[in-house]
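Below, each structure is written out as structure tokens.
Across the two complexes that follow, chain A remains constant while its partner is chain B and subsequently chain C.
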Partner chain A sequence: MPEPPVPPEQPTPPQRPLRSMPPGPHLSGGGRAPEDGAIAATGMGGAMDLATEEGASLGKPPGPDAGGPQDRPRSLWSDAWRDLRRNPVFIVSALVILFLVVISLWPSAIASGNPLKCDLAKSQEGSQPGHPFGFNGQGCDVYTRTVYGARVSVTVGVCATLGVSILGSVLGGLAGFFGGVWDAILSRITDVFFAIPVVLGGLVLLSVVTSSTVWPVIGFMVLLGWPQISRIARGSVITTRQHDYVQAARALGASNSRMLLRHITPNAIAPVIVVATIALGTYISLEATLSFLGVGLKPPTVSWGIDISSASQYIRTAPHALLWPAGALAVTVLAFIMLGDAVRDALDPKLR
Partner chain B sequence: MLLEVRDLHVEFRTRDGVANAVNGVTYSVDEGETLAVLGESGSGKSVTAQAVMGILDTPPGKITAGEILFRGQDLLKFKEEERRKVRGAQMAMIFQDALSSLNPVLSVGAQLGEMFTVHRGMSRKDAKAKAVELMDRVRIPGAASRVGDYPHQFSGGMRQRIMIAMALALEPALIIADEPTTALDVTVQAQVMDLLAELQRELDMGLILITHDLGVVADVADRIAVMYAGRIVESAQVHDIYKAPAHPYTKGLLESIPRLDQKGKELYAIKGLPPNLLHIPPGCAFNPRCPMAQDVCRTDVPPLYEVTGAGPDRRSACHFWRECLDG
Partner chain C sequence: MGRYVIRRLLQMIPVFIGATLLIFLMVNVMGDPVAGLCGDRQCDPATAAQLRKEFGLDKPVWQQYATYMGNVFTGDFGTAFNGQKVTELMSTAFPVTIRLTVVAILFEIVIGILLGVVTGLRRGRPVDTGVLLVTLVVISVPTFVTGLLLQLLLGVKWGWISPSVSSEAPFDELIVPGLVLASVSLAYVTRLTRTSIAENRRADYVRTAVAKGLPRRRVITRHLLRNSLIPVVTFIGTDIGALMGGAIVTERIFNIHGVGFQLYQGILRQNTQTVVGFVTVLVLVFLVANLLVDLLYAVLDPRIRYA
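Let's turn to the complex of A and B:
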């Protein structure tokens, strides 16, 4: 075929001139509600419904504004990363989380003692050399126990979030993609789960468990938490599925699995990441709540919730035994919620 | 005949009621032939194309009657899996907005190459080489260095070329182009259209060109099918239609083309609005807007009459096609 010189077309517009919008009305629906919900619910364990509103609004087909610049998750991801690196909230929360992860992997790096070695003779004693946080009611070193408690919190938070995200995304994503009867059934099931009060459910379900590992607690969180992610994922997939490139891929013979994996998932996953990050903080506080109520983790597991619970009876005489684990818990939960918030802002410039 | 659509009916069940988007469309395309489908927006051009491709949104859409014969086989009787194998390999579609038709998170090379890895089982390396070859073929300058670029890094015209390359990758026998140049700058439109027409000739494909640009039609199309309210109201060879339309709606469309010799005069526009598809008027759907309408037009739906004496293979859905031809 002859190769005539290419006539000059319109020059490519500046390639990344402005912060581009994410494809479709990603996170637009929920406004700032999810965040508020997350914070309000912290400690109540009721956070699992924090994104109900968002999930519902994401389920709507793209509005008139979705026809606008339908561009660029590629630049969305790299733009988001550039934004995050400049965001002090992200840097602070990421450093806190990094520190938490390190001490939960190697607690002995900063705490040489044994969290289970307690000396009743030192019960409720205050700060002293080598024991900066003092001792609790059983005479255990509060500093060592607070450091070791991070492991359980991080483990529970991460495992519950992974479980919830995988189960919720798969179920919600498939329902959103295929629609029809299964979608309707799944929606009703999630409604049922949303109606269960989390703490009450925990009291009932976990009180019969005798295992002292973290797995029943994680299992319980996954059981009650997946509908939240499922709604988000469903809404996001429904929005993404209507994009022209999915139709175009279909018109060129892509199979359902290919459309889901190659075309929909990478473009639909951002809201799930945001909600999951915020939820992680709430799972940590839910673990503490359940442990405090005596249905979560049980000694000899070292957990902030257990320590808060056992210290609460000495609150007048030895407040330090309560304040340190409670403070660690608050900082941890806050760090994850702030991280989720920063990620959400970075992925959804429309909210600024 | 490569593709024959016969008496196709498509409806959409919406909350407000049943929208009859396609009400008996009949058209056909042969190898190497270009059929232009014309009509106001909302007349069912895209829905017909989606039905042919098998990518209709079901639900809410539903094909309630008709046949879609591709090389004599009724595609509507195919299983979904067989149908999928036809898409891309034997028929392909080009959409209006190339930016939103390309996946923003995959490089154009990956998307082009996918046609070969998925349908032809090629290795990634071979597929990439093929992708470069295709990009060359649609005249993207510096193809080899740009295969790794993402859609937003190309200009509108270049993106549409990439869409064309994807559609042509497996050398399908039929291409449906749904307003392929509407979203482009005027200066680029002609280039993209020429490229499409040239490749079509070279590969001897059937092309269904959906457009409302009558200027383009005269240059590239062999036949025209004019749609109104989900029906074909007139079909004919391009030149016959331009010489003398046999339907008042076509006549209105032709008179509404801006022409240089009319400079200063008011532009003609068909009066009234397209019908609400939930409540298509009885009789001829065009009758409320038709300057020639008689009583019979308000009661009897006109069949697709064979028009004689004004070119071969010509049809019109007007009770008064003779009068229309004459005046």
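Let's turn to the complex of A and C:
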């Protein structure tokens, strides 16, 4: 098939724009366009950078090469769902996550023992019939503890992600929609939070908390995590706001709340969902890191982070007690990254 | 350019004040600095009151913050729990952490960019899929697990390195800790380079260079790499601050007496001046790194002009 005739070159604008951006995803660290603020969001670690980059590249308007709909028009979401059902990566990671949710709701379904029942005589022993993963330094069954640990880790991940997404997208979305002074203030506030390294903030804030529940940890993650989502949501809303259908709605006299809820939210939420999915994995990992530093969750809570950090003292004699919970943690984080990746690919109109 | 730098410097002032104030409040409001001074025993109320007066802790928090910042700008970071000057602690701790960060950044540049170029040029081949999978695994395993396992394997089982770093921390002892510190960012640099290379490979200027008959090596190094590395360089630049702040975990595993070690001690003993002092310097490093990266951006890509 012959190439269509090349359109004549666009006349170049007479004067150079003050600050022209090159084409392509030129984001500096942590998915930041330079006009976003003074600070890059690299403090959360590589997985979060991966997340923000994927979310930011999704928020861009489709390029001129995006083909129009060939057949019956479908919504972005039904299209994405059709893609996802055929994606083996999505199916595998969704099954892993489903399995995790099931065992965190009903851990006794696959582990009959009690995670707090320990026998010091069996300390650091290896795999035995009935105890496939062996015993940890305190003589507790590693298999039972790994299964029961899923509940706390998943709870922390889900609650922190929910809190971060709601707070971040509401603040970022409103700032992006209304602009002006509040937007500028919010951008400076996000800069302030990005300037504090996360692990450091966690150490300072959580070292004085004596509560042994999961809520201080979740609260800390929401406190230091919302700027990430807020920046993504703000960028996404600013892009969406300029679209013709929003202008049309405004011209028809739609109120701000109607424009936000009916037109902007459904079209701007995709990057937030992708970033939040990957962030869920990072929060689980962050909980483990904080527990390793001794400021996260505290025993007798059963979580992967606590088990990994208590096993680290016996790593020379009983590495299995560290490897099983660490493996479970890594598989969980990987599953959320893959899921976010698959959802991103399905939602990206450029890949159609 | 000059006006842009001034605007950015002005933007940094509120960020700097906000971040240091936040840490100051966290340390002061959440913990009691005097309790840390008395050790494990309960403080005698009269002694506590005397100490409070001596350190100015009976004044309102904003006044304490203002006094502290005033001292910092004259170079007085206060004293640590053992009576040592915080600036003395810094002069021993920062060189160690800077060495560790340099090792980590070198790993990111050499291995990360090399792997990214190789995979970006061979997109879809087995080597690409393999490296991508490895980067995902590295990203999903927490740094402290990677560190503990490498320490166990290389240091204890095989005896290639010494499992803990001596207090002088020369470069050769920091190779494995640097790799551990860099690991997650390394994986991300690989992915970033790969995406960038794969995208620019189809650009017109690469096709022109190939059509001119330039050798493949020259096309890749001069045309493709120069344009593809812009996002990578900016990421690595901003990562400097994140690495220095995130070194707490690595320094704890390998027993490195750097910034993370001092901060950890300061937090455990609730010593406001150590914690806030170190964090202030880290925030400054982070801010300056960000500014430099944005300026570097314009140098690397002449299409960008800052007005």
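Definition applied: the second predicted complex is superposed on the first by the 275 of 352 C-alpha atoms of A that agree within 3 Å, B and C clash if a C-alpha of one lies under 4 Å from a C-alpha of the other, contacts with A are read in each partner's own complex, and residues count from 1 in each chain.
Please note the rule applied: a contact is a pair of C-beta atoms (placed from the backbone, for glycine too) under 8 Å apart; a residue touches a chain by one contact, two chains touch by 3 or more.
As the structure is a prediction and not an experimental result, all values here were calculated from the model.
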{"item": "First (chain B), second (chain C), both or neither touched by A:279", "value": "neither"}
{"item": "Chain B versus chain C as contact partner of A:247, first or second or both or neither", "value": "first"}
{"item": "Which superposed partner A:84 touches (first chain B, second chain C, both, neither)", "value": "neither"}
{"item": "First, second, both or neither for A:218, with chain B first and chain C second", "value": "neither"}
{"item": "Touched partner set for A:338, first chain B, second chain C, both or neither", "value": "second"}
{"item": "Of chain C and chain B, partner touching more chain A residues", "value": "C"}
{"item": "Contacts of A:329 with chain B and chain C, given as first, second, both or neither", "value": "second"}
{"item": "Touching partner for A:154 - first (chain B), second (chain C), both, neither", "value": "neither"}
{"item": "Overlapping contact positions on chain A, where the chain C interface meets the chain B interface", "value": "20"}
{"item": "Contact set on chain A toward chain B in their complex", "value": "1, 3-4, 6-7, 9-13, 15, 20, 23, 70-77, 179, 243-245, 247-255, 258, 262-263, 266-267"}
{"item": "Chain A residues within the chain C interface of the complex", "value": "16, 18-22, 24-30, 32, 34, 38-40, 42-43, 45-47, 49-50, 53, 188-189, 191-193, 195-201, 203-205, 207-209, 281, 285, 288-289, 292-293, 308-309, 312, 315-316, 319, 322, 326, 329-331, 333-334, 337-338"}
{"item": "Complex interface listing, chain B residues touching chain A", "value": "53, 55, 59, 84-89, 92-93, 95, 97, 99-106, 114-115, 118-119, 137, 139, 141, 150, 152-158, 163, 166-167, 169, 185, 187-188, 191, 202"}
{"item": "In the complex with chain A, residue positions of chain C that touch it", "value": "8, 11-12, 14-16, 18-19, 22-23, 26-27, 30-31, 136-137, 139-145, 148, 152, 156, 184-185, 187-188, 191-192, 195-196, 199-200, 230-231, 234-239, 241-242, 244-246, 248-249, 252, 263-264, 267-268, 270, 275, 279, 282-283, 286-287, 290-291, 293-294, 297, 301, 303-307"}
